[in-house]
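So, here's a batch of structures to check.
One chain, chain A, links the two complexes that follow: it is found with chain B in the first and with chain C in the second.
Entry: the complex of A and B
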C-alpha cells in the first residue's frame, strides 16, 4: 500500500473527525478563555481576612482621618472616615494612592551608607547599630571640638512630637539650627503676630463663611486642609459666593462664582484697593474697628491716599468699577472671608499681601468668630520639663541661627530654610558640618535647585530619615529610613488652616515591611547614647512611651477616637483675644507699616532678555511637596499637562501666534536660572506673555512612572527674599519662550 | 509518480460509456484504491481519539504534591475539632469565609510537635518554627473573576461542605494536586473526567454546576437586587 495524498487527506480528516469526538477542542477553548481572562501577571489581592485600621493621613499638612483596609496582610485601600471632623469621609487622590507608596519600589528598605560619589546611587547596607554608631561618633567629635552649632536639622514641620524631639535634641546638644519647611503658614503666623500680637496658627472657618474672596489660594487645588476646603467650596455653591482673584484660570477660578484676572504679583495692591472702597464708603464694621482695634486712622490714611480704585486699576489691570463692586459685595456679605497664599501656598510669598488681606477681614470684623479667620494660639500639647543645658549647649545656642531668623535683621522669623543655600554658598556665615533631614526633599522643593545642590555639597555629612529614595536622600551619606506613615504611630498636629486645634493620631495599619525604624525612636536612641545632660533630657525608653506621656490626658481620647479636639469655634471666641500692647487688633504699628510698605524686587530677570513671565500652578493630581506622585496620580494627569515625558506649558493664543507656536508643539523655556524643553498648550486661561507650568514634575528620583517626566519649576526659579520676613516672596520669574 | 487519478485520466478515451453517457468503471480496481484511504481515515480517527482522551489529559495537567501531607480524618476527631469542618474552616465575624487556615491557627495546637508523625515534626520545624506560611495548593480555587459567598450557601442555604467539596474529611492524606498548565487552576474545577461527566455533585465546579443546582432548587438565579439574571451576580 502506498501512502499517497488521498491517504494523507483521509488521515487528516479522520484525525479532525476523531478530535471532534474527544473533549480536546472544548476543553482547550475553555482553558484558553480562562487563561486570557486571568493573565497570570495581573496582581490579585490576598483573600485574607478584611480588617480596618483608623488612622490619620500624614502625606500633607491636611491631616485627614482615614480608614486603612487590609485583606490578610496586605493594605488594599484607603478611605476617609465619615465622622472625622476635618475631612468628613472625604479623601484626596494622593491619600487614596497611599498603598502604592507603601509598596513602592523606591522605599528605602534598610539603613544605607553611601559608597559612591554623592548622587551616584551606590550604597552599602549597614546595620542599625553601626549606622547609629557612625552618627553618634560624628556628633561627639563635633561637640568636643566646640562645633555643636554646626549641626542642623531640616524637618517637614516644627510641630508634633517627632519634630519637637529633634529640636530638643539640638537644643541640649547646643545648636539653634532647626529648620522647618517654609510655606504660606509662616507668613500667616507672622501676620497674626504683627496684628494680633500672639504666636498663633491661622484657622479659616471656610464652611461657615458666605463669601470667600481668595487671593490666588487654590481652594480646590490643595490650599489648607484640601478635603476640608473642597467641602467648603462645594457648600458655598449653595450657601454663598466664591470669588477667585488670580492671574491664571485655575480650576479654583473656573469653579468660582467669579474670576478676577489680576496682573501677576499685584494681589496685595488689589486688597488695599478694596480696603479703600470699604473705608471710603463707610462699609466697614464700626463695632470692630472702634472697640477692638487700634491704628485704624493710620491705615485709613495709607489706603485712602495711595490705593484709590483708579490707581489700583492701573497697578492690577482690574477695572476700577469692578474693584468698587467687589468691595461692596464683600463688605455687605454676612460672613465675608478673605484668604491668600498662592496655589497650595508652597512658596510663602510677600508678607505685605497677607497683611493687606487680613486687614480686609478686620475691616469687616470677621475675625475670631464663626465663619471668619481665627487665630489659634500655639498649642501647649508638648509640655516637657525644661532641659538642663551644659556649658557647650549654652554656648552653641548663643551663637545664633545660621539663617539669621530671630536676629535683628529678621526679628519675627523663626526659621528661614530658604536663606540657607546662600549662607552656605557665599561662606558668609558659619558652616554646617552635619545635617539631618526628615520628611523633606529640599533638593527638589526649594527654589534654585542648583544653589541648593551646591549648598548641600558643602555639608560634609548628611543624614537622611527618608522612607523613599528621593533627590535629597540620593545626596545623603547615611540613610536611616523611617517607617512610612501607614506603618507608624505618631501624633499629627492640627491641619493647615483648619479652624480648630485638632491633634490626630496616625496608627500603624501594618507592621513595618522593611528594616526601618521610627525616627522618634532613633532620636531618643541618639540622645541616650550621647549621655550626660542630653540623655537626661530624654527620660523615655522609647518613642511610644514618650508619645503617651507627652499627650497625657489627651492620650485616652486620642486612642479611642483617633483625634483630640480643642475648644469649638462654634462658641464665638469674641474679639477680646488680642495680645498686643493695646490688647486690640492693630491695623497699624511700626513693624506692620514697614512690612506693608516693603517691596521685594520681583520678578527676577530683565524684561528685554526675558519677555515672558513664568508662573507655577498647583494641581491635586500632581504631588508637589516632598512626596513624589505615585503612579495613580501621574496616570490621572490630563494630556494638556503631560504627554509622555513632556510637560505642556500654558500659553495665550496671542503669545503662541507671535512665536509661531502651534498647540502641542515643542518649545524652549529659558529663565535666568535654567532652561528646559517643553511643549505648549494654547489657552485663553493665561494672559499674553505669561507661561504657566505645573509644580511637582521633573523629578530625577523615584520610579519610572515619575522620574524624567516634565520639568521641575523649582529648577527654573530663584529665591527673592521678602525684606521683612526673610521668607521667599517669589511668585514667578521672567522667562523666554521660543520655538524649539 | 503514478496515482489512481493519473490512471483514470489516462483511461478516459478508452473507457466505454453506458447508455446515460456515464463512464463505466471496473469495480475491482476502485475497491483496491479506496482501501488505503479508508484505513488512513480510521487510523486518523483512532489516533486522535487516543490523543484526545488519553494523551491530552496527561499533557494538560502537571502533578504536584502538597507541601505538607495533611490528614483530615485524624483532625476530624470530635475531641480535636468539636465543630467539624468549621473548627478550622470557619466564618469570620464579618461573615467572610476563612478558607484554608493560616499558620497561626495551626500553631495554636502545633506550637510544638504533638504526635509521632514525621510529617508533623517536619511541619513544625519548617513552618511553625520559622513562621513561614504553608503554600497550600487549593483544589477548589476559582478564578479571581468568580465571586462566591460561602456563608450564603452554608448558613442560608444549609448546604453541607461535602456537596461541593466531597467527603474530604475522611481522607488520611492529601491527594496529588493536578494543575492545569494553561490556566494554573486545579483539575478539580473541570473535574477528573476529561469529558466533564460527573457522578457526584462534588465532581465538578464549573459554572454549569452552579447553575444546575440553582435551577433544580429554583434559588437566586439572578441578582438579589433586581431579581433578574445578571452576569455580575457571580462575576464581579
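Entry: the complex of A and C
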C-alpha cells in the first residue's frame, strides 16, 4: 500500500484524536499522581503521652540499663540510662532494635501444642491449664517410673532467680541435669578455680587499664558487656593502648593501636612466649610473684624451656623481635591487662589459652586491683532454705549428670551442654525423656547442627519456654511462651566480665501483649502441682513474691535505682583473696599443669581434602546468640557481607586468584560437616587460605527479613572437646572453597 | 533575604565524628531508623535502593595482609551551607522548594508533601545522602506500633534524607519555652545517632557557640566557610566547597586522604 500525504495526515490526526478520546491518557496521568502521592495508606502513628520506663536489657549477658520510651501504650524506642554504671547512657545496636522484637510477627502468642511432625510447623492452640496439666502428667509418670533423672533443662544462664528456680525444681524432683549455655565465661571460671582456688566469675576492669592485650577477644564486637567495653575502648584512645592478637583483621584489630596477625589457634603459645620474655628479662612484678604466688619456678621452667621467642615465632608466625617488643611494652605498662576468648566468646575455646593469658596478668601482678582482672566470688544473692529431698529425689541426684560434668573425667566442669548430642546419639549414657528449653536456641547456636538435630529427635517430649518461634521451638512438642524482656519483671545477674557484682532489675515497660506467662510463674505452678516435698520447696505464691523475698533487703534499692551494686570486690591482695591450698595464687599445680600441656586435636579435617581454613567472626550488626537479628539489624549489614540471600565469605586475593574467583562471585564451601553456597569477598584482611564467615546468619526460623539469608557457621563446624574441661575448644575447621 | 526575619538566636548545628573511636557497630544507623520511622524491606542488600539516612561506609587502606587496615565512616546528611550561606547543592536545584536551608539552624530541610519526586536533588548531592521512596513503606503486621509520632511517615514517590533530627530541635525549643528559658542548652538538642553511639564517637552541637564540644573539637574557621583548623579534622570533599557541617577526626593519614580526591603524592589539605 502506498502511503501518501493525505493518508499519513489522516492516520496521525485520527490516531491522536482517538487516543485523546480513550481514557488511556487520563488513566495514566491519574495513575502517575496516585503513584507519586498516594498518602492515605501510609500509616499515621497515634499520638499519646510520652512516658519512660527504666529497665535492664536482657537480650544478651551485657546487662545494660535501658529506658523504654512509650507514646501512649506503644513502645517506640529504647535508650540507655545515663547514670547506669554498666553502660552509662550507651546502648548497642540490638538493644535499640528491641521494639522490633516486641512487635515481631515471630512472637509465640499463646501456648501451642504440636500436631504435625516435628519442625513441620503445625500447631494447635492449647489453654494454659491443659498445657500445664500435660507437663505435670508427664513429670508425675516419669517420677513414678523412677526415671526422674531423665528430665533435663537447658537455660541461657545458671544465675538469676528463674534459672535457680528451675534448678531447684529439678533437684527436688530428682534430676541433676541442668544445663546452661557454655561460653568463654566457663573457661574463665575454671581458670580462676585452678589458679585462685575459688569459684568466681571474671571481672575485667578495662576502663582503668592502660594497656589491653587482647588474644582475639572482640572488645568492640560484643565480648563482655558490649557497651562497657566500647566505652573502655574509646577511653583507651586517650589514656592507653590496645593490642589485638588475632588471625583476621576484625573490627577490634583494625581499631586497636596495633594488630598482631597470628597463625590461627596459636594464641596460647604466643602468650607463653610473652611470659618467657617477661621472666627472662626479669620484667615481672616480683612483689606479686614472691609474696602472693606459688609454683612460679615450675612455670618458669616450662616457659623458659619450651617457649623461647624464636620457637614461638615458628609456631605463631609472629616475628621474634615483635614478640620481645610486645612483652616489654606489656610488662612496662602501669596497668597491663590481658584478656582471652575469641570474638564474642560464644565458643568456649581451649582452657590452656586462658591459663596462659591469665598467667600473664599474674606475672605483672595485675590481679584483684583497679585496672586488672578481678575474681568476683560467686554471689550468694539467692539464699533459699535447703529443700527437703525425698527418696526418689536423692536417688535421682545420685545418678550423676548425663554429660559427665563433675565426674572423674571432667572434675572441674559444671555443665557441658556440648557433650549432650554425642551422649544421646551414641546411646552410651542415660536417655532424656523430657527436656525443658528456655532462653536458648541450641539447634541454631550449637556446633554440628546435624548432630544436635538428631539428639533432639531422640527426646520424646520437649517443652519450650520460647518467646519467639526459633529453630528449637519449632522442634518442641509444647510451647509455654514466656513474656519477652520488655514485658517482664526479673532480676538480671551481673553482666559478663563486668568488674563488679551488680544485679539489675528488668521491669515491664508494657503489659503482656499476648497470652504469655512468666516462666518463673510457670515453674512455681508446676512445683505446686507436683505436690509433696516439691511443692514444699516452693513456698511462694507466685514469681513476684519469690523475687521480692529472695532479694530481701536489696529489693528496695533495686526498685528505686534499678540496680544493686555489691561491695567493692577487689579485695586487697593477701589473706582470703586466694583460696588455694597455699592461700596464694598458683602458677602451677598438678591440675593446672595437665591443663596447660593438653592439646585438643584441632582443627578437624585433613589438609589434603580441605586445603583451606574456615574461621567464624562476630559482628555487632548480626545477632549471633539465641535471639535472631530483627529487621533493622539485617538492614544494617554491609554489602560486603550479604548480597541478596547469599553471604559473602572473606578470602585473600591470593587464594581467590588461585581458585579463579572474582569478587562477589558464587563459590562452594565444603567442610567435613557440611556444604554451603556462598559468594566471595576479596580482602587483604584475612591470610591466604583462610575463609572467614560471619556468625548469626543462615536461620531457618524467624521472619522473612532474616530466614534463609546466608549460612549458619554452626552447621559447617563440629565439636572438638577440650581434654580437661570437656568444653568445646573449636576455633575453626578445615574447609574447601571452590568455584561454583 | 531571610536575615530580615531573623530575630531569634542564630545556631549553626554541626557534627564531629571521631573515626578513631567509631567501631562500625551500626548502632547509629539503627537509632536513626528507629527515631525517624525509616522503613525496611525483605532485601536491603542493594545499597542504591536501601533507605538509610545514615550509612556507615567501610574504608580500607588497600595494603596487603597483615598491613591491611580498615576504618568505618558514618555518613549522615552533611547539611551543606555552600559558598554563600544557603547555597547547598540540593537546595539550589530543587524546582519545588521542597528542600530549604534554615538560616536559624544551618539545617537543610526536606518537606515531603512538596516534593514531587523529580530527584534532581539526588543528582546534585555529592554525598549520595538523598534517597528516593520507590515503594510504599510497609511494616509487618503489628510492627507499625513502634512508629515515632514526632516524625511523619513518608509516602512513595518522594525523596528523603537525614534532618539532624530537626523534630528534636523543635521539641527542645518547646521544652525551653515551657521552662521559661530563652535559649536551649547543648544537651537539650542531640540527634538520635549522637545519643545512641555506644563508643561516644559522635559530638553534636552549635558551631556558633565556642563552649560547645563540637566547636572545640574541630575549631572551625568561620572566615573560610568553617574549614576545620584542628589537626586530624577534615570534611568530605572539602575542595568542592560544599561547606559541609559534618566533620571527621582521624589520627590516620590514609583515612583523612580518603576524604577527598587527592593526587597520589599530594599533601592533605589542612593537615598541620
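General observations
We adopt the following convention: the second predicted complex is superposed on the first by the 688 of 740 C-alpha atoms of A that agree within 3 Å, B and C clash if a C-alpha of one lies under 4 Å from a C-alpha of the other, contacts with A are read in each partner's own complex, and residues count from 1 in each chain.
Just so it is clear, a residue touches a chain if its C-beta (ideal position, glycine included) is under 8 Å from a C-beta of that chain, and two chains touch if they have at least 3 such contacts.
Not measured: the values here are computed from a predicted model.
In the superposition on chain A, contact of A:18 is made with chain B only, not with chain C. By the touch criterion defined above, A:87 reaches chain C but does not reach chain B. Contacts of A:47 after superposition: both chain B and chain C are touched. By the touch criterion defined above, A:142 lies against neither chain B nor chain C after alignment on the C-alpha atoms of chain A.
When the two complexes are overlaid on their common chain A, residue A:525 makes contact with neither chain B nor chain C. Touched residues of chain A, counted separately for chain B and chain C, are more numerous for C. Once the two complexes are laid over each other on the shared chain, residue contacts for A:230 go to chain C alone; chain B is not touched. In the superposed model, A:249 makes contact with chain C only, not with chain B.
In the superposition on chain A, A:6 contacts chain B only, with no contact to chain C. On chain A, the surface touched by chain B in one complex and the surface touched by chain C in the other have residues 35, 37-38, 42, 44, 47-48 in common.
Listing the residues of chain A that touch chain B in their complex gives 1-8, 10-19, 21-24, 26-28, 30-32, 34-35, 37-38, 40, 42, 44, 47-50. Against chain C, the residues of chain A that register as touching in their complex are 35-39, 41-48, 71, 74-80, 87, 89-93, 96-97, 99-100, 102-105, 220, 226-227, 230-231, 233-234, 237, 249, 251, 254-255, 259, 261, 620-621, 631-640, 642-645, 652, 683-688, 703-705. Chain C contributes residues 18, 20-21, 23-27, 29-31, 33-35, 37, 40, 42-47, 50, 52, 56, 58, 60, 62-66, 68-72, 116-117, 136-137, 139-149, 152-158, 195-201 to its touches with chain A in the complex. Within the complex formed with chain A, the residues of chain B that make contact are 3-4, 35-49, 51-53, 56, 60, 92, 94, 96, 98-99, 102, 143-145, 180, 182-185, 190, 194-196.
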